[in-house]
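Look at the two complexes coming up: chain A is in both, with chain B in one and chain C in the other.
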Partner chain A sequence: MKIWTLQKKRVGDWMAALRAAGKEVLAPCEADGLLRFRPIDDPSAIAVRPGPCPFPFKEWLFPPHQVLFSYQFEGGKVNLREEEVLVNDQVGLFLRPCDAAAIKILDTVFLSDPPDGFYQLRRSHLTIVTLGCRQAVPSCFCPAVGLSPTSLEGSDLFLWEEDDRFLVYGVSEKGDRLVQVSPDLFEPGEGPEPDQLPSPLPFMERKEPLTNVGQKLQGLFESDLWQEVGRTCLGCGICAYLCPTCHCFDIVDESDAYSGIRCRNWDCCAFPLFTLHASGHNPRPDQPSRYRQRVLHKFAYFLQTFQQNMCVGCGRCSLFCPVGMDIYQIVLQLTGRCLV
Partner chain B sequence: MNEERAFFDHNGLYTPTLLRVTAIEDEIPAEAVTGPIKNFVLERNGIDFRPGQFAQVTVFGAGEVPISLSSPPSLSDRIILTVRAAGFVTGALHQIRPGDVIGFRGPCGNGFPIEPCIGQDILFVAGGIGLAPLRGLLWELLFRRQDFGRILLLYGARTPRDLLYQYQIPEWQEKGVEVFQSVDVGDGVWEKRTETPRKVGVVTTLFQEIKIDPQRTVAFVCGPPVMIRFALLGLTRDLHIAPERCFATLERHMKCGVGKCGHCIVADKYVCMDGPVFSLAELEKMAVIEEPW
Partner chain C sequence: MAAVRTDSERTEKGWEPKLIAFVCNWCTYAGADAAGTRRMLYSPCVRIIRFPCTGRIDPHFIVRAFEQGADGVLVSGCHPGDCHYVSGNLLARRRFAIFKALMDFLGLEPERLSFSWVSATEAGKWVEVVNSRVEALRKLGPARVPWGTLSGPPPSLNGRSVAPMPQEPLSQVKPDDYQAVESQLRQLAEGLLATGQVKAVLGYGKGSLQQATPIVITNATEANQLIFNEHCVQNLTVYLTSPSFRSLRPLGVVVKACDSKSLVGLLQEDQVKREDFRAIAVSCPGVKVNGRWADKCLSCDQRIGPIADHIVGSSEPKSTAGADPRDWEIQTIEKWAPAERWNFWMNQFSRCIRCYACRAVCPLCYCQPCIADKNRPQWIPTSPHLKGNVSWNLFRALHLAGRCIGCDECTRVCPVGIRLDLINRRLSLEVAKRFGYEPGKDPSVPPPLATYRPNDPGEFIL
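Here is the complex of A and B:
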């Protein structure tokens, strides 16, 4: 792995060089009173806090609203028009390691056969620059899902803050190319292997493994515990919308007498309509059964289908749940490892 | 800034093909308990499919829904959809006229296993509009009748008026299909007739009327969720057919049909891609007791 150093005060110059090379730089900043990834020119607007940015990067690969195609009625005919998508080369700057790992999970869903063209196009234009975590926040539990504050999963470049500079690890060729955009800003450097960096890993409390609980959870399918934990859920969906790996979507038409669009919008398995048949039958008729689906999909089913958990331990769902449901604690409770 | 414009004509994952509806027939009148059911005859347009597969059907201006294909692939010039006006999109489908254009995306799903059934006896168990996907398979078997042993059809609906495809039954019997029918509630006339053996009661009561060899019988089940559940129970418990020999086709709320949107997930399976046809052995492994059917 190649290692460089980049002076912090030169990050703005690097961003300018990337822009000059035709790339759009997206970094966490304040937008509409929230912290989220937005295209950014001014490095002073970058708002990096400990822990992950509240809004994950997901919205740039898998927008909350995507027109799939449109149509016009003309006499007795229907004219279809494929949706034209505008794509820039994008650089995602200062994602956290959990968010980079989450994009790999989205890849397994959207790029597996048959690949989703909308995702594929955006993904192929994205380079991911991750910032390792020098500090964790109390909701973080990445060690529990086999990741760490310095894991490289999904990253193209990996940055580590050290005084007034960054150590820059070249993880992929795509990442190296970003360095080559302005090679004079990067000096060849030396550093330990990323897993030897002084990360907060030893001090993180939430690290009981959640990676091997699939069978145990499925064995509990009919347990009363689901009633106990699931009744708390309001079904608001904030966990799914802020989850960097949740990817369920609805497909709807919006139309009038002359034309229409077919679009897809984010959806959430906690919603009662998610599984409602037209006949009125609902295989998941109550909140506990829907919450069970959420937990089992993340820690059992997805593991069987794609050989990995569908959770990166970012802790957003616990942090922002209006009724304080904490998926880490709940899985521990279900698997008999705590009594909360 | 360099901007790349890309058009999505590559794999058309979410874009339907336009098909003309050549004819529309009333199957079940609006006064029946299940409401109106119509047959929509589509031009075939070279679309290849297997019995048991389904399509994502678009009514432009309303939306898209999964509909099973109720005609056999060997009927080369058409595709038939048998559709109940159950929701918003199927309601809009019932409003269209012959000559109108609909969108067709698919075929989707796995379909019924046919080749492993060669030389076997086939038992169909259908409830209500659940006969629609099974009819495609039934006709396909009849097109090569000599490849299969006995063919039995147990068919139940709520009332005599709700029974589908009654006009085809004499032809099926002529080709050696043993047809047994039931209704939940009779009308005083139907139960006195004798063209087919019949009973008032749920479809599983017909299990008592037949004798089969469980070692050489393959069963195909489709109907409402509760019926599928009890039919599978009866097939294994009363008729002693092995779970590997019982197949059900599941209904799920679906959106994308290509294993992305997450709506139809049951355990580690996407019903739209891995199903909709599953053997009872698979369903048992999916370990979903409350929510499978």
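Here is the complex of A and C:
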């Protein structure tokens, strides 16, 4: 693995060079009190806080609302138009290791044969620059799902803060190419293997493994425990919408007399409508059964199909749940381990 | 976004205002018909859609018309007292007053949305009303269709820094004020469960990440898990209508003074039966959101709400009540020109991701299914684009007008920080002013938009 160093004060120059090379830089910044990845020019607008950015990067690969195609009736003809928007390469800057790992999970879903063209297009234009975590926040549980504050999963470049500079690890060729955009900003450097970096891992409290609980959870399918743990779930969509790996969508046609679109919008298994049949029957009739789906999808079904969990331990769902449903504690409780 | 016609197309063809008129069959339609038979000339820019009664004209139709490219909407029906269904127009008058107040607050130019009473004999008045509306629209130019795109940066409430934020009175609140309540609450819950007066108690417990989270206890020995402190923000009455709580009736539910008001709403609307729950009213000094006293608490003058089966702690009214900082914010917004207001709100709504968390936490959003989930027809576009978001936010607000008890849960949970509280509060003020009604007081009176008075103000009606 190649290692460089980059002076912090030169990040702005690097961003300018990336932009000059036709790339759009997306980094967490705050507007109207809302932290979100946005296209930025000015490095001083970047707002990196400990822990993951509340809004995950997902929205740039899999937007909340995406038009697939549109049509118009004109002079007795139907004009179909494909909606392809992306022209620029994009650089995702300062994702957390969990976020980068989440993109790998999205890849598994959207790029497995046959690949999803819309996702593929955006993904092929994206390079991911991750910032390792010098500090974790109490909701973080990446170690519980086999990751860590310094894991490289899904990253193209991996950054580690050291005083007034970053150690820059080249993880993939795509990443190296970003360095080559302005090679004079990067000095060849030395550093320990990423897993030897002084990460907060030893001090993190939430690391009871959740990686091998699939069978046990599935065995509980009929258990009354779900009523107990899922009863207070309100069925709002916050957990799924802020989760970097959740990927369910709804295909919708919207039209009027002259024109129309087909689009896909985010959807969420906590909604009653998600499973409502045309007959009126709903196989998941209440919130506990919907919450069970969420947990099993993340820790059992996905594991069965793709040999990995569908949770990267970012803790967003648990932190932002309006009623404090903490998926880490709940899985521990379900699998009969310690409480609080 | 599926636009009906773009503005440029319309300009090429020479723009003419498009006024959609929703009229009742018995009076205004007959009046318009009379104008026709008398060969009276008036603007052809009006498109008439006939309804049995103004009472049938849901604000949805009006929203739909704007969405589809109308430049203005006119709603017209029988004069008060003339309704062929006795009171359809009187109920409609209340609904339209609130809808108009909402649209004004959001920044729709007032001339784009008009109401009139036109009887079957008033052909002349019909001609006059249509012509004057069309002229007003011609002056305004094309509507910002559909619902306008974003134009420039929105005005800002300045991070509220200039708002008078009287946090001081509440600084007298001490941890002891909660602790006494907490220990009494545990004793009470223990007793209620031990004697079988309730099957379960729904209260607050310590969360693994959050300082307080809803918990359900079914055993008297678990009563010491209950907590009460400044972090107990959630309004637990939202669970009373949840199917997962049905088996726990009668349920003891811990309520703060504000939460207790939503019990009034649920009883008023027949969503819970009085015998299904016992309100355990905790004497509440106030709660904090993100480290600051919640806005609602700054003006709260009660410790115990209207519905209380068991009172825990003092029920003395509070001396700490001051002004609500939202009133200042609302006044600020109202000083802006319509275009600025519109810009502000479109910017807010554009962020909505349609998670419906605002609906999920609201104790009075209990409809199964919600209008937003109905797809035959699809009244509210499900897509999180501006058009869908505006529709959703309008209808959330309208459906709660006169019903919202101001627990501010929707605003607390909105992951993109939309100021739903300002809209709710603005409509509450309107309801109070017009109908002298305050929600969450008396379960025996009907909600204000489900009733009318013959002399309700109708000053906005032509």
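The rule we apply is simple: the second predicted complex is superposed on the first by the 329 of 340 C-alpha atoms of A that agree within 3 Å, B and C clash if a C-alpha of one lies under 4 Å from a C-alpha of the other, contacts with A are read in each partner's own complex, and residues count from 1 in each chain.
By our rule, contacts are C-beta pairs under 8 Å (C-beta built on N, C-alpha and C of every residue); 3 or more make two chains touch, one makes a residue touch a chain.
Values in this document were obtained by computation on a predicted structure and should not be read as measured data.
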Superposition on chain A - do chain B and chain C clash or fit: fit
First (chain B), second (chain C), both or neither touched by A:187: neither
Which superposed partner A:195 touches (first chain B, second chain C, both, neither): neither
Contacts of A:235 with chain B and chain C, given as first, second, both or neither: second
First (chain B), second (chain C), both or neither touched by A:286: second
First (chain B), second (chain C), both or neither touched by A:30: neither
For chain A as apex, the angle formed with chain B and chain C - C-alpha centres, to the nearest 10 degrees: 80
Contacts of A:260 with chain B and chain C, given as first, second, both or neither: both
Partner chain in contact with A:250 - chain B first, chain C second, else both or neither: both
Smallest distance from any CA atom of chain C to any CA atom of chain B, in Å, after fitting: 5
Set of chain A residues, in rising order, touched by both chain B and chain C: 250, 252, 255, 257, 260
List of chain A residues in touch with chain B within their complex: 19, 22, 24, 68-69, 71, 73, 76-78, 80, 82-89, 109-110, 112, 114-118, 121, 125, 218, 221-222, 247-253, 255, 257, 260, 262, 264, 267, 269, 274-279, 281, 283-284, 289, 293, 296-297, 300-302, 304-305
Chain B - residues contacting chain A, complex: 1-11, 13-16, 18, 58, 60-65, 86-88, 90, 99-101, 103, 224-225, 251-253, 255-256, 258-263, 265, 267-268, 287-293
Residue ranges of chain C touching chain A (in the complex, touch as defined): 1-5, 68, 159, 206-210, 212-216, 234, 238-239, 242-245, 347, 351, 353-357, 359-361, 368-369, 373, 381-385, 409, 412-413, 415-417
Chain C-facing residues of chain A, complex: 32-34, 54-55, 64-65, 70, 138-139, 227, 230-232, 234-238, 241-242, 250, 252, 254-261, 263, 265-266, 268, 271-273, 285-288, 315, 318-320, 322-326, 328-329, 340
